[in-house]
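Before anything else, here is the set of structures, which you'll find just below.
You will see subunit A twice below: alongside subunit B first, and alongside subunit C after that.
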Partner chain A sequence: MGRRAALIAARLALIAAVLLIWEYVPRIPGITGWAPIFDPFFISSPGKIAAKFWELATTSGDQGVVLKSGNLFVQLWATLWATLLGFVVGVSTGFVAGLVLSQTRILADIVHPYLVAVNALPRIALVPLIIMIFGTGLGAKVMLAWLIVFFIVFFNTYAGGRAIEPAVLDACRILGATRRQLLRTVVIPQVAGWTFAILPLAMSASIIGVVVGEFVGGAQGLGYIITVALGQLEATDLFVALLTLCLVAVALIGLAARLERRLLHWRPEHMSHEGQA
Partner chain B sequence: MSRRGVIVQSGRLLVLVALLSAWEILPRIPALRDHTFLDPNFVSLPSLVAMRLWETTFGAKAGYLWVHAGASLGAALLGFVCGALAGFSMGLALSQSALARGLLKPFIDAFSAVPPVLLVPLITLVFGLGTASKIATSIYIVFFVVFYNSYKGGSALPESLTASCRLLGGSRWAIMRTVIVPSSSAWAFAAFPTAIGYALIGVVVAEFFGSPVGLGSIIITSMNTGSATDLMVSIFALAVMGSGLVALMRLAEARTLHWRPENRAA
Partner chain C sequence: MGRAVVEVRDITRRFAHGAAEPFTALDRVSFEVTESEFLAIVGPSGCGKSTLLHIVAGLKRPDGGAVLIGGRETTGTTPREMGYLFQEDTVLPWYSVERNIALGLEYRGVAPAEARTRVEWALGVSGLGEFRRSYPHQLSGGMRRRVALMMTLVVDPKILLMDEPFGALDTHTKTRLHASLLEIWEKTRQTIVFVTHDLMEAITLSDRIIIMSGRPGRVKAAYPIRIPRPRDVIKVKDSEEYLEDFREIWRILGEEFV
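Right after this comes the complex of A and B.
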C-alpha cells in the first residue's frame, strides 16, 4: 500500500511539475529568445486558462475576444447535437447495409472490389468536398459524421455476418428453422454483437467527422471556435475550447463503451466483468 | 469460368460503367444541374478529372501534383520514422520497468483517449503553419499506434520463455537483445501499416490549416475557390498514395518478419 501511495504521489508530482514549468518558465526573462516554444503568446498559461474557465462559468458579459460565456455552451451544443445525430444515423444505416450484404452472397461478391476501394479512401479528405457541395449547416455536419461512421459500422457488421459458423446455421435448419426464424434468432443477434463492439470507435469517428468539418468550413461549433481562436492567435481561448472539446469527446467515447458493455453483457468477455463488479 | 464467376465479373463491370456514366451524364441534364447537387461545378465529371490528372502529372502543368504530393509524403514519412522510434522505445521501456509503467502509463492512456486530429489546431498554434506542424502531427499520431503495440509485445512474452533463458545463463542484456526486443519489434511492425495511413491523414489535416504546400493545402484551396475538379484530383492522389504506402508497409512487414508463423505459411 505504501508503494501504491508513493506511485500516486509521484504521478501528482509529475502533473504539478508540468503545470509549474508551463506557468513559470515562460516568465524567466529572455527565455523566449532561445526557446520560442515557451512564449506565453503561443502556449498561454495554466493560470490564464483556469481564470478564463472561471470567468465563463460565473459572468455573463462578453469579456473575451472569441469566447463569451453562454457562447461556449451554444457552440458545444451545436457540436454535440451533430455528433449524436451522425452517430445514430451512421450506426443504423451501417448495420442494415452490413446485414443485408452479408446475407446476399452474389451482391457481396459483385460490390467487394468497390468496398475495398472505398475503404482505402481517406475519408477525412472528403470533408472539404462535402462542405463544398452541401454547405456548413447541421445537415452537412451530420452527413460528414455519417460518411465516416457508416463505413466503420458497415465493415464490422459485414464481417460479423460472414463469420457465422455454417454448422450452427445447418443445425438450426435441420431442426426446422425457417429463414425468418434463422434471421431473427441466430443471424441478427450474432451480427448485432459485432456492431455493438464497434460503437466506441464509431463515436470517435462521428466526433472527428463533425469537428474536422467545423475546422474546415465551420460557421458554428467548438471546432469553429478553435479555428477562430487560432486565426486570431488567442492561445487562452484556444486552450479553453480545446479542453472542453477533449473532455466532451472522452465522455462521449466512454459512454459508447458503456453502451457496448451493457448491450453485450451476455458475452463471455463481458460476463466476467459483471461478476467482479 | 463458372456461371457464377461470369455473373460476378460482369456485375462488377456493370457497376463500374453505371457509376462512371451516371457521374458523367447526370450532371449534364439541365433539370438535375439546376435543382440538385449534381452540378459539374460541385461534383465535376470523370472526364474532366481524368484530363486534369494527366495535365498535373505528365501534361502541360507537369510537376504541380508531384510537388504537393511530395511535401505531404515527406512530412508523413519523417514523422513516421520519429514517431515509430519514440513509440517503440517508450513501449519497450514501459513493458520492462514497473516504475516507468506506474508513473507514465495513466498519462499516455489519457492522451490516447482523445482523437489526435482534434489536437491539430494546438499543434499548429505552437509549431506554426510550416512543415514543423505537419511532422509534429505525424509523430504524435504514430507514437500512440506504435507505443501500444510495442508495449503489448514487450509484456506478452510467456514468463516460461524468459525464465528458461535465464536458466540457460542469459544475462539481462542478452535476454533483452535476443528475446524481448525481437518480440516487441514484431508487434511494432504489425502496427506500421495502420500508423503510416493515419500519419498521412494527420499531415493532410494539418495542411488544412493554411499550409502553403501539400495535398491538404490544395484540397482546401480548391474548396475555397470552388474548383471541384482540382478537389477530386487531389483526393484521388491522396487515396492512391495512402494505399501505396500501406501496401508497401505490409510487404516490408512480411519480408522482415518472414520467420513468424503467419508469414511462413505464405
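Right after this comes the complex of A and C.
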C-alpha cells in the first residue's frame, strides 16, 4: 500500500470512528445520566442527520419543521450568493482603496487612524445598525460581509503597496518608465499580488459576515436555519444546516485558493498561504 | 586618453541624523571618467560610495558640486544614455526572464522588430536563452543577476553605473559573472563606473581604481591597472601585475582600517 493510500485509509478510519461513537455511544443505557452531552436530543445522530439531509436535498417544499421556505438548495443558494457578492465587492473595493492610499502618502496619513479605529471595532457590534439601515434582506448580509472583507483586503493591499523596493522603482525609471508605465508594470502587479494572496482568507471572512447577518436579521439562508433550529430545539435540522454550511465553505475557500494560485503562478510555492491542495 | 564622458566636480553631501550632529558623507569628491573606460571605486563601507553613485545617476542631489555627462551639467537628473545596476534585486518577479529583459525597450517605445533582435542578443550573450520563459523565482541568485544586467544593457546605455552588483554572490558565481561582464564589455565598450568593496573584483575588471577614504568620503588616490586585455578572470589573479597592484592598493586602503 502506497503512502497516499495509507493516508486516505487513516483519514476514513478517523471519520468512521467519530461517526460510530456519535451513533452508538448514546445508545448505551444510562449514559446520558452522567454524560448529558451524549443525549440525542442535543447531538442528534449521524443516521438521522444523513436521512434528513437526503430528504431535504431531494424534495422541495414544506416537509421540514424548520425549512419552511423551500428546500435546502434554496437556503444554500441564499448563503452562497450573498457570500460571493460580499467577497467580490469587498475584494474589489479593498484593492482599489489599498492601491490608492498606498500611492498617495498624504491621503493615507489623513485617513489611516480612522481606518484602524473602524477595524478595531468588532464588526458584529455593527449588526444592529446595519439591520436598521438595510433591513433584513440580501443588502444587510452583503454589507456585513463587505465590512469584514474590505478591511482584510485593504490592509494587506496597502502593506503591499508600501513594500515596493525603492530600488525597483528607480531601476525602472532609469530604464525609461513613465509614471503610467511604472503603475502598470510595477505598482499594480505588486499590489495585486498582495491582494491575491489574501483571497482565501477574504472568502472565509465573507462567509462569517453572511452567516452572522443571517443569524440576526435573516429571513433565508443557512445561518437563518441554524437560529430557527435552535428556537425549535431541532438538533437534527441544526446539524443538517451546519453540514451544508461546511460543504459550502470548503468549496468556496477552495475556489479562492485555486484563484490565488492561478493568479500568482509567478510566485514561489512556499510563499503561498495555501501551500497544499 | 579619450575625452571625459563623466565629470564629477567637488561633490559634497551632508546627512542630518535626527538630533545628532550632521556629518559629511562626501567631501569635495572630484574625478573624471573617459570614454570606454572601466573605472572602479573602492573604499571602506560607509565611505559614501553608493551615495556618490546615486548622485552621479541623478537619484540624489548633492549639497554642493556638479555632475557633467558628455560636457553637459546633469546634476539631479538622469540622462537617457545612462544605465544603472543596483545592488538590490530589481528583476520583476511577475514577468518572465524574456519580458524582464524587454522592459526597458518597451518603456522607451523601441519598435517591436528591433526590440526582438535586441532581446535575442541579450539572451544569447548572457546564456539565458533556455530560461527565457522561466520566472525569476525559478532562477539562482547568479542567474537573476544576469537578468538584471541584461535589463540594463539591452537599452544600450553609453554609461553604465554599477553599485556593488555582485556583492551578495559566492566567489564561484561572482567569477563567472565577471567573465561574462568582461566578454560583453569587450564588444560593447560602455563607460563603466563600478562601485565595490571587493579589491580583487576591482583589479580584475577595471582600467583604473579610485580609492576613497572613510568618513568623510574623499578621493584618496587613483591607481591605474595596466593588466592587458582581454583578461582571463581566473588566470589574471595569478599574474605578477595583479599581485603587485593588489599589494600596493591594499597598502593604501589599509591605512583606512586603523
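Rule of thumb we're sticking to: the second predicted complex is superposed on the first by the 244 of 277 C-alpha atoms of A that agree within 3 Å, B and C clash if a C-alpha of one lies under 4 Å from a C-alpha of the other, contacts with A are read in each partner's own complex, and residues count from 1 in each chain.
What we mean here is this: a contact is a pair of C-beta atoms (placed from the backbone, for glycine too) under 8 Å apart; a residue touches a chain by one contact, two chains touch by 3 or more.
No experiment lies behind these values; they were computed from the predicted model shown.
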| item | value |
| --- | --- |
| Clash-or-fit label for the pair subunit B, subunit C on subunit A | fit |
| Subunit B versus subunit C as contact partner of A:Pro29, first or second or both or neither | neither |
| Contacts of A:Val111 with subunit B and subunit C, given as first, second, both or neither | first |
| First (subunit B), second (subunit C), both or neither touched by A:Val211 | first |
| Partner chain in contact with A:Leu14 - subunit B first, subunit C second, else both or neither | first |
| Superposition-derived comparison: subunit B or subunit C, residues of subunit A touched | B |
| Three-chain overlay, vertex subunit A: subunit B-subunit C angle, C-alpha, nearest 10 degrees | 80 |
| Which of subunit B and subunit C A:Ile124 touches, first, second, both or neither | first |
| Smallest distance from any CA atom of subunit C to any CA atom of subunit B, in Å, after fitting | 13 |
| Contact set on subunit A toward subunit C in their complex | 165, 167-168, 170-178, 181, 185-186, 189-190, 193, 265-268 |
| Subunit C residues touching subunit A - in the complex, by the definition given at the top | 57, 59, 78, 80, 82-84, 86-90, 92-95, 103-104, 106-108, 135-137, 148, 151-152, 155 |
| Sites on subunit B touched by subunit A in the complex | 4, 7-8, 11-12, 15-16, 37, 42-43, 102-103, 106-107, 113-115, 117-122, 124-126, 197, 200-201, 204-205, 208-209, 215-216, 219-220, 222-223, 226, 228, 231-232, 234-235, 238-239, 242-243, 246 |
| Subunit B partner contacts - residues on subunit A that touch it in the complex | 7, 10-11, 14, 37, 42-43, 106, 109-111, 113-114, 120-122, 124-126, 128-129, 131-134, 204, 207-208, 211-212, 215-217, 226-227, 229-230, 233, 235, 238-239, 242, 245-246, 249-250, 253-254 |
